[in-house]
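Look for chain A in each of the two complexes below; its partner is chain B in the first and chain C in the second.
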Partner chain A sequence: MEQINNVGGFSAKKVDDKTLILFFGPQHPSSGHMRIIVKLDGDIIVESDPDIGYVHRTMEKLSETKEWIKNSVLFERLAILDAGNVTQAYIIALEKLLNVEPPPRALYLRTILSEINRISSHLYGMGIFAIMIGSSTGYMWFFGDREIMVQLAERITGSRLTHTYHIPGGVRRDVSNAFLEELEKGLNYIERRLKDYEVMFVNNPIIRSRLENVGVLSRERAIELGVTGPNLRASGVSYDVRVEEPYGAYQFVDFEVPVYKEGDALARTFQRFDEIRQSISILRQLIKSIPEGPVLNEKYLKLFTKKMKDIWDAEKRVKFPSIFANLRPPAGKAYGRVEEGRGEIFFYLESSGEAKPYRVRVVTPSFRNSILLKYLPVGERLADLPAIYGSIDYFPPEADR
Partner chain B sequence: MLDSFILFIKNIILWPPVFYLLIAPGLVTILISLLLLIWAERKIAGRIQMRYGPLEISPKIGGAIQLVADLTRYMLQEIIIPRTVDTLPYLIAPIAGFIISLLPVAAIPISPIYFPSPMTNSIIVALALTTLPPILNILAAWASNNKFSLIGGARESFLIAAYELIVILSAIGAMVIYGTSDFTEAVSLQKNLWGIILNPISAIAFYVAVLMATGRFPFEIAEAEAEIVMGAYTEYSGLLYGLSMGISYTRMFVYNVIFSLLFLGGWQPFFTIGGHIFISYVLIPATVVILKALIVSLTMVFTRAIYGRLRIDQALGGAWKFWFLVAIVGLIWGSALTYLQQVI
Partner chain C sequence: MGGKYVEKVVPSRNLSLLNKAKNHAEALALGAKFLVRPLRITYRYPIVKEIPDQGYRGLIVLDDNKCIGCSLCARICPASAMKMFQAGEKKLRPAVNYERCVFCGYCVDICPENALKHARTHDVVFESGESMLYIGEKFTLDPDTQILSGKVRIYRVRVDEKRGLIYEPIR
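Then we have the complex of A and B:
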């Protein structure tokens, strides 16, 4: 498109009467909190312009006004369906600043929550994807079964979605052995259902024909655009923060990083199924090998009053020592990286020794993947736009921060 | 005085044109069928999708009258007419679309001796009348002055071209076997063998074309919610929206009455109860036909729970490259059968 005029930052574009400009969103059943301006030549998309920022909440700036510990509550609002992983990245960075290490049992519990979150995040993404290509059964199944994972997360953390489970030096609650048995049951159920999903959803001839060779992202293009997460791996690049820079208990478990080389919507769907299978295997290994012990660093345990110890003994629940309200990490910079359901989330924290952060910068996977909405739909049909949107598992609130 | 008045009313109601258009298989039957069909669609889908389906209204009968509640809501809702629409065609389109989609029943008999208009080519007239409603859909799309509506209308017009031919060719495939274009005669010829056994190829092609014509999954392309909001009816609200929703169900039911007359033996098995002419010649055959049509319609709404939505190019390619040929093969099969019957 030729830009004919630029006045004060506004750009005017020549009107082309052979094409139709369609505003796909923000009030569209499948656009989410964003707008995609598509230019159609007949039914073919010739230009696609994702317009993000409709749910920008100034999170990075807002966090400079809050105490360090309160920010973990703020940041889990980035991706409410994957809150455990988001908070974990922030807390990892904060722990680097504070120079504390969580005890092994806390690491295991964090990883258990991460993987439960990953499964529920994938099921959520898949559910949205299913309704976008018209499979209402897929939608209901994925969302219904996600409930199992959400309830398991509730059993660990006490809340369904915004867990606020991670704290510097450990986690807030311990789990009982009964929970681990429940978890095993839940995993067996999801594993059984994965076969049903394959029959009813991905291998359904109609759905398959909608996904195959749609929105193909080549390996080179994926690297060039800086795509992350399952979308990157479905294009043949084996890159996973859990392997590249292990955190939590990932160094103690054995798992594969599934990779597909086709890079189309179908490969991205299979990629997510395989990741759920790997998560199930990781969780099973964690259940078997979880060590006994405290869930909070010695340094903070020493500060417990008698009443806090009583609550810990009775309910296995950490009451915050008063130091948490007024954390003052020494001046410095730190980062935290975590492989979230949709890709790598990166936190950069800068402390000036105050009770509040000097600067926080977040790079979210959805933001990095949003560029795909500009390049993948071009040349495809209008009906493929929801299929591509759903297959990249884009989550606008996370991208907009 | 009162007796003669009751007789007068009875005569009016039982006058075939009135009875057909208002009672069976017309307005009343279609409304009851819609109630049952939409309820069954929600319940079956609910059962497959691990949920209950409608249960809030009348929980004792499984939420069966949910549609009544929905219709009441539509009736009480404000009808918002956007400033940019072409008001007259915008208003006419769903109303006329609903009425015209009922119109084929004027040519469809549901009893051997009691029919609205005696004609020798009722199959052709009924099929011709079923082709009218999509034009109103395109009118609604054009009058709405909305890009999503426009795309929906364009998709609908592409689909019409694809499915109409299949419907008509496969109907002819059945007609050549019976050697008549009269429903009554065609049904009486199916006394021993139903048309679906004589010509299964045409029957399957007809069935798929009806799926496509009435926007059932996987051909729910013209009003694909995730892509073009609501297709031609994006700008509609209130009762007009409710009517536009009813059009596709009404069309499906009417098509399936035709399907049961052509392929499923119509009112066969036909039997009479001595001394009760009205029951023998109107109620029983009508019930048999409507039940058959309802069962076929149920299988059609059931597809929602299994399939996703095809892309328009896939649906058109499938229609022209595969189902069109199937319809032709069905026609050839029917002709060959007739030829063999004459020779042997």
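Then we have the complex of A and C:
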């Protein structure tokens, strides 16, 4: 086999006069932290082999060396752009082990953060997608407008991306009415901008011609491959954890989960846009109906000293009872699942009654979707590979764990 | 109450030539609109400075008089950034290493005497690895006062319905 270095910035191997093996990534700007090894006949992809694992950080094993509450900080580094949803899944599982329930206001606040995260995660995914298919205007707009959602998340939690907002039995901070007004303003802005995106991005004939009938995933194939999230729903399968197993405050609001049938890159794009619209509607309902009350379970509120109560009254900030440094859930097993921006994230926890978990298993949506990179590009042109990659909203650090 | 699935179809597939021309013209017109009146959401960072909202989790400041040396902050630190040190006879005081700190704020929230607090500053330049260790008196100085007394103009960010984010000078 003849080695050819540097074919237009790629390294490649020539098989025969017609066939070429091309190494797409890991340094390529539209491959992320991964490599796709594609076998080309001319410019038609005949074989595609995703090579993942470049950002593997031994998350599951590492978590066995840390105390229960510290792992929440570790796991939000799975998907930094959607940290609120990831920690929520872990905390839901931990709450099942500890047998505590968050009060209603905490549930509402969790869902507000979840939906803010979902909008910002979708805008992030669309931004990367836009630059991959060459629309730098789309990239700038999506990333710029994501900043509004990041700012709003900062107002709730005190941190732009690594929120660490969920604790067993509740959340760490309460919000003021001024924040809820500001959130409403931010939502109005995003809703108005969605119309601009339609003109500049989705209905733009250039974008349309890059996406229509590219990377078609049929309903049967999607079920067979175990795909999750918006990619699954864009192929006509009705499945969403928020509906199947409601958590947080999703049972108190009315919302629609869009399901598209076509399963191509364009349907996946529309799927995400519609989900942003639904998130806006969910957030508006939550703002209207959020109940008053504490944001931490009674069991932990009882442990508050006078000083801690004073700080809660003055700053609406939860001080941790000292038991949090040394949580020991009774021996047992529990799971938590949450619909993240990119699909369903699943945590399985096993406790042996110690201060550290015995075993933690994480199944992330990006890992489940990464199999698409093996099957979807086959038969398409090489130039469509970034469009397929971008449309499935794959996030390597989350898949590699 | 709760969610329900709604089947949808992508509208207007296979655009006709006329529709393509129309959509192109609309996109160009929108681009022209933003050329005249751009939506700028950035600001001139080193010249002006944004001060975050109250409650932002920035650098950590110790109040030496309130601290009782209970070491809960060092125990709960997920990144082992906070450690306890001897500060005189039978007196323990925390120190933080910003090489490791992830700004989760667990130490601030678990402190039973409220001796730790967050400053609103987070962007500090360190010249060496040793200078990232905040120990003793250095840990008790509030970095906000240094920044706010400097010559830079201070901005605050506000969410706006029309412009997205607006940076307003407060000084």
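Note that the second predicted complex is superposed on the first by the 383 of 401 C-alpha atoms of A that agree within 3 Å, B and C clash if a C-alpha of one lies under 4 Å from a C-alpha of the other, contacts with A are read in each partner's own complex, and residues count from 1 in each chain.
Keep in mind that, in the parts below, a contact is a pair of C-beta atoms (placed from the backbone, for glycine too) under 8 Å apart; a residue touches a chain by one contact, two chains touch by 3 or more.
This structure is a prediction, so every number in the text was calculated from the model and none was measured.
In the superposition on chain A, A:Ile280 contacts neither chain B nor chain C.
Touch criterion met: A:Val259 reaches chain C, while chain B stays clear of it.
In the overlay built on the shared chain, the residue A:Leu385 is in contact with chain B alone; chain C does not reach it.
More residues of chain A are in touch with C than with the other of chain B and chain C. Within the superposed three-chain model, A:Leu180 lies out of touch with both chain B and chain C [touch as defined at top].
Residue contacts after overlaying the shared chain place A:Met308 against chain C, while chain B stays out of touching range.
After overlaying the two complexes on the shared chain, residue contacts for A:Asn204 are found with chain B and with chain C alike. In the superposed pair of complexes, A:Leu22 makes contact with chain B only, with no contact to chain C. With both structures placed on the common chain, the touch criterion links A:Gly144 to chain B and to chain C. Once the two complexes are overlaid on the shared chain, A:Leu62 sits clear of chain B and of chain C alike. In the superposition on the C-alpha atoms of chain A, the part of chain A touched by chain B in one complex and by chain C in the other spans residues 137, 144, 200, 204. If you check the complex, the residues on chain A that touch chain C are 66-67, 69-71, 73-74, 137, 144-145, 147-148, 151-152, 154-155, 158-159, 162, 164, 172-173, 182-183, 185-186, 188-189, 192-193, 196, 199-200, 203-205, 208, 212, 236, 238, 240, 242-243, 246, 250-262, 266-267, 270, 274, 305, 307-308, 311, 315, 317-320, 322, 324-326.
Note for the complex: chain C touches chain A at residues 1-10, 12-15, 20, 23-24, 26-27, 30-31, 39, 41, 52-53, 55-57, 72, 75-76, 78-79, 102-106, 109-114, 118, 157-165.
Partner chain A is touched in their complex by these residues of chain B: 45, 48-51, 147-148, 151, 217-218, 220-221, 224-229, 304-314. Residue ranges on chain A touching chain B, taken from their complex, read 20, 22, 28-30, 43, 130-141, 144, 200, 204, 206-207, 209-210, 381-386.
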